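Before we start, here is the structure in question, set down as structure tokens.
Chains here go by letter, A, B, C and D, matching the order in which they are written, and residues are numbered from 1 within each.
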Amino acid sequence: MAGSHADISKHVRSYMAVFAALAVLTIVTVAVAQFHFSDVGNVVVALIIAGFKATLVASIFMHLKWEKSISIWWSLGLCGIFFLALLFLPVLTANDHPPQVHMGTWDVTHQVAKSGGH
Amino acid sequence: MKRLGRQIRRAGGRASLNKVGMGLRWAALVACVFLFADAPSAMGQAAAPQTEGIKIDGHYGPYLPTDASKDGYRADQLIDVVHWFMIALFVGWGIFFTYCLVKFRARPGHRANPEHIKAKPSKYLEIGVAIFEAVLLLGWSIPIWASVKNDVPPPNDPHAVRIRVVAEQFAWNFHYPGPDGKFGKTAVERINTATNPLGIDRNDPDGKDDIVSGELRLPVNKTIVCEILSKDVIHSFFLPVMRVKQDAIPGMRIPVWFTPVKTGTYEVACAQLCGNNHYSMKAIMYIQNQTDYDAWILEKCKPPEEFDG
Amino acid sequence: MSGHDHGSGRGGHHDHEHDLHHELGFWRKYVFSIDHKVIGIQYAVSALVFLFFGFCLMMIMRWQLAYPGQPVPIIGRFLSDAVAIDGVLRPEFYNALGAMHGTIMVFLGVVPLLVGGFGNYVMPLQIGAPDMAFPKLNMLSYWSFFVGCVVMVAGFFVPGGAANSGWTSYAPLSVIATTGQTMWLLGMVFLITSSLLGSVNFIVTIIQLRVKGLTMFRLPFFVWAQFVTSFLLLLAFPPLEAAAVLQLMDRLAGTSFFMPSGLVVSGVPQDFVGGGNPLLWQHLFWFLAHPEVYVLILPAMGIVAEIITNNTRRPLWGYTTMVYSLVFLGFMSFIVWAHHMFITGMGTQISAFFATTTMIISIPSVIILTCLIITLYNGYIRFNVPMLFALAFLPMFAIGGLTGLPLGLPASDIHLHDTYYVIGHFHYVVAPGTIFAIFAGIYYWYPKVTGRMMNPALGKIHFVLSFIFINTVFMPMFFQGLAGESRRLYDPTVYEHGVQMIGMRKMSSWGAWMLGLSQLPFILNFFMSIWAGKRVTNDNPWEATTIEWLAPSPPPHGNFAKVPTAHRGPYEYSVPGVKTDYFPQFAGAEA
Amino acid sequence: MSTAVLPYTVEPHPVTGVYSGKLGIWLFLASEVMLFGGLFSAYVFLRVGAEAAGSPAAWPTHEETHLSWVIGGINTLVLIVSSVTMVMAWASLKMNDFAKGKMYLWLTAALATTFLVVKLAFEYWPKFQHGLVPAKNNFFGIYFTLTGLHGLHVFGGIVVILYFILPGSKLWHRDKEYYANRIECTGLYWHFVDLVWIFLFPVLYLL
């Protein structure tokens, strides 16, 4: 990776570019959130932008773009797979109910009626 | 000895004190039922009936206990097959293992042979194990599980008996819909530990004839659907003789079904640690013939009009 | 590898470094040491103490199980009224004993011993490194562990006693439990932090500090086991830390992450706003706790593989296959966790998924076991004490592994879930399995650590008695479980099957107490041999091939007088054309 | 200073291509991903299973959270700028400019402190005053847990950066590359903290 001064100054230019991109994308995130596409749509758009920003930070600021260490890539790859398992398998499990499984202990929750005034 | 045990149970926290109180109330209730046949508030007791000293039917251990259900044999069969498989594999390994220990023990004149052995049998063994596990999974486990989970009779099935099982520290409440077959609406606000432990709306026509019992009485040869609920922590509804076990997860209603085929007196156990007195959270299950069962239901839901809660 | 020599270091600091060695006072040398060997010994000794402590808790429980309602003999009179009435245990104390037995054995005993103790001491030696990659982090890891232990055990002295919601701490019970649960959670946070620091250190050390010539596929199997284990600890533990934080929030800040709406405890509606889900805890907990099972077993397999090859005088059969199996095992262990949750109302698709992954994960275990057994074939089997324990590991682990099958199939799990069958199953894996491997490892590496051998006669007595009684303890549990006897019951005679199984329980209990007595020869041997053991005549008393046997016994700070080089694979035994029946990794071609 | 005799503390390993510290910090970050992963998983799990609108336990609407995207956005920009100054500190050190590097480190610490002050003074404090505490509902529970844990990470970052500005800077005069490496590791950690916030901001403030 970066060894000489010339390399570093080249880097510095890319840091500034990334900074500009991140600032713009932050504004875009906020701006886009003011529109309502659909419940899922907004989540997808927000996560795509966040993912893009994260990729910029990881690849340029954290130098992953220049990273050649296979150990680091393997570790991150494993981490990514298990992260996805951790994120989705519990939700998938919670949503795969056999027939006639219902949520809620009581038939009537009076709190629903009461909560109007709060 | 027994006295000591009871003393400890009494010391086991507020819930157990509660239980002692309930025991007294139960005694009062029994007296009411027998002496003043139409005493009010006879229903809706969080009954903690006597569970000690009742003769339990069936054979228990050292292998699987009596199977009193129509479908329990399926899981039993799987357990049998798996154990035979395990024993075969273990004995096979064991023979080879012992042979090696004896044949290749260190002794004068013997030397290790470092040559790589081409152990084809081990590859076959591993493939065999994999195939057999696939058979266990696809041939037994998945179909049985699918039936256990998916074949719940629908709510309006006239041939099924439907009850709710509400677990709490440390008692089982069995909520029967009564002759009308409809459950009264429950709500937290109506809960009264003395008169209405499940918060049933007694003014609602559906709820007037509901029965809350501390013992589980069921007719034989009928498919039973139990909706498992919990008021407080996680419990587990375990009927060893029916091969039924279902966690009672607070905030969820999960149905289980089974068909008793042998009349008798059995046990309902809690199989998930639920607090200090978890061990004592037992109820008695009576599997009766239809006539006795109907008579019990009728007796339990007598005078709804006199209810004043 | 390039010519970077360990000794060369960074020029100027070398001398300075040298001075420091002589200046080290007692505290820096033995207490706040950064030498991996001292830290390893600290871990091992603390862990052995906790193993013994956890065992004692269990021996008290076994009395209540065998003789329910009778006063505990001898120690009963010393128990305060808070935990026992006239010497008869209270149910809450019984539950606390159960929860703490599990927690202490797993998190304070076996894992610190296998990873912190054996891993720390042996692994850097086996790869020829002068120390761990981050020595200070290593020290921090131990002291974080220590604080965790103190907090955990301090739980016994807070009002309401230690955590009593099981080692699994299922919410909502654990959320409404007494203060001991808060101590448990805080203790876990420290233990997890310790594990994280340790595992980062292990992975970096194995990747960066292997000596010249020691490629990944020349690593001893034990190092591979530590490598995979460290990844499990690194990636599986943090979600439990997150869960512990969430449960602390539930307990202390009144949130309801694990509390659904409408909870009524003892007739009193709870204040929580609700909307949470108790199953969330179970997911986060088992995301750790299933890989944790492999953390308990993989290093044990590593130890057993080392000892079996050494004492059969043959190369490990199927080394590469075993390594791939190990890695696959580690990987799969992350996606099987919900088989602990089959009866929580799980649907058919997701349970089929988890049952399938569970069946798949059994295959690499079978492969590793088979490879170890085939290694015996054509060998020259020496029955010394470490080998006896290592050999006993094989059938014991086989029983433990096989009995996992009916639990991994959802249909048979319905009846067996949460019964003594489960207890029997995992104890066969970790007690006669892992603990036997630990004993094997202690007898095997003791001469390296102390320069003296342990007494083989006492060792054999220890082995025979332990082997008999450990089976007496755990074999009956399968029958109790099949009969339907649930775990965690203060008094199983409440149920008819419990009444019928009383003989089995008495057998277990007497087995446990006799097992306790059987450890006396070991304890005696362990301490006596420090002074009275036979001095080793050379640094390689077992005539082994791996690099740790090149170092002096005991190794000095910095380990090796001269930086070793690895010339060949780890298990070159009985190589044709070589004079001795072992050809060490570190020996030059001319040997 | 026993670390100094170990190989590859400063110079990269010829095969793996990294020095030990860098590999170590990446592994640590992997575990951090799983830590925040556990909390994100909890967020998704609770939100998907949340009760219907009307219940006090329901997931609050955007208005009910009273979270200002302006404050959140400003804090996002603050963290992004701090990431830039952090990476500039490393670049300056690599170009042998210690004074400039130190200046950038001071800037990073100052921005991080700004972030925390904004968080505490303009978000936490008013929320607590209006009774929007963690126990209010699961949104606030997870909001305070996630941002609190993130805040602790920011605080930890400040401590580490101050250490390298003040006592730790002696290392520069002994071994420039070693010091630059340590700043690189600190930077990796710091960018990760920034990265977590990049996800937290839309997830908590905008969705």
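Everything that follows uses one rule, which is that a residue touches a chain if its C-beta (ideal position, glycine included) is under 8 Å from a C-beta of that chain, and two chains touch if they have at least 3 such contacts.
This structure is a prediction, so every number in the text was calculated from the model and none was measured.
Colleague: Of the other chains, whose C-alpha centre is the longest way from the centre of chain D?
Modeller: B
Colleague: Which chain is the middle one, judged by CA centres?
Modeller: Closest to the centre of all protein C-alpha atoms: chain C.
Colleague: More C-beta pairs touching across which pair, A-C or C-D?
Modeller: Higher C-beta contact count between the two pairs: C-D.
Colleague: Where the centres are mean C-alpha positions, what is the separation of chain A from chain C, in Å?
Modeller: 36
Colleague: From the mean C-alpha coordinate of chain C to that of chain D, what's the distance rounded to whole Å?
Modeller: Spacing between the chain centres: roughly 34 Å.
Colleague: In whole angstrom, how far does the Cα centroid of chain A sit from the Cα centroid of chain B?
Modeller: Each chain reduced to its C-alpha mean, chain A and chain B end up 43 Å apart.
Colleague: Suppose each chain is reduced to the average of its Cα coordinates; what separation in Å results between chain A and chain D?
Modeller: Measuring from centre to centre gives 15 Å for this pair.
Colleague: Mind pulling the chain B residues that touch 2 or more other chains?
Modeller: 149-150, 188, 231, 250-252, 254
Colleague: Indicate the residues of chain D shared as contacts by at least two other chains.
Modeller: 16, 18, 23, 27, 30, 34, 37-38, 41, 45, 49, 55-56
Colleague: Using the touch rule from the top of the page, what residues of chain A touch 2 or more other chains?
Modeller: If we look for residues of chain A contacting two or more partner chains, we find 71, 75, 78-79, 82, 86, 90, 94, 98, 101, 103-106, 109, 111.
Colleague: How do the chains pair up in terms of touching? List each pair.
Modeller: Taking the chains two at a time, the touching pairs are A-B, A-C, A-D, B-C, C-D.
Colleague: Which stretch or stretches of chain C touch chain D in the complex?
Modeller: Checking each residue of chain C against chain D gives 1-2, 4-10, 12-14, 16-17, 20, 34, 129-131, 133-137, 196, 199-201, 203-204, 207-209, 234-243, 245-246, 249, 253-257, 261, 272-277, 280, 283-284, 287, 558.
Colleague: Given the complex with chain D, which residues does chain A contribute to the contact?
Modeller: Going by the criterion above, the answer is residues 2, 5, 8-9, 11-12, 15-16, 18-19, 22-23, 26-27, 29-30, 33, 42-43, 46-47, 49-50, 53-54, 57-58, 61-62, 68-72, 75-76, 78-80, 82-83, 86-87, 90-91, 94-95, 103, 109, 111-112, 115-116, 118.
Colleague: Which residues of chain D touch chain C in the complex?
Modeller: Residue list for chain D touching chain C: 1-11, 13-16, 18, 20-21, 23-24, 27-28, 30-32, 34-39, 41-42, 45-46, 49-51, 55-58, 133-138, 140-142, 144-145, 149, 174-175.
Colleague: Can you name the residues of chain B that touch chain A in the complex?
Modeller: 149-150, 152, 154-155, 183, 185-189, 199, 201, 227, 229-231, 250-255
Colleague: For a test of understanding, state which residues of chain A touch chain B in their complex under the given definition.
Modeller: Chain A reaches chain B through residues 98-110.
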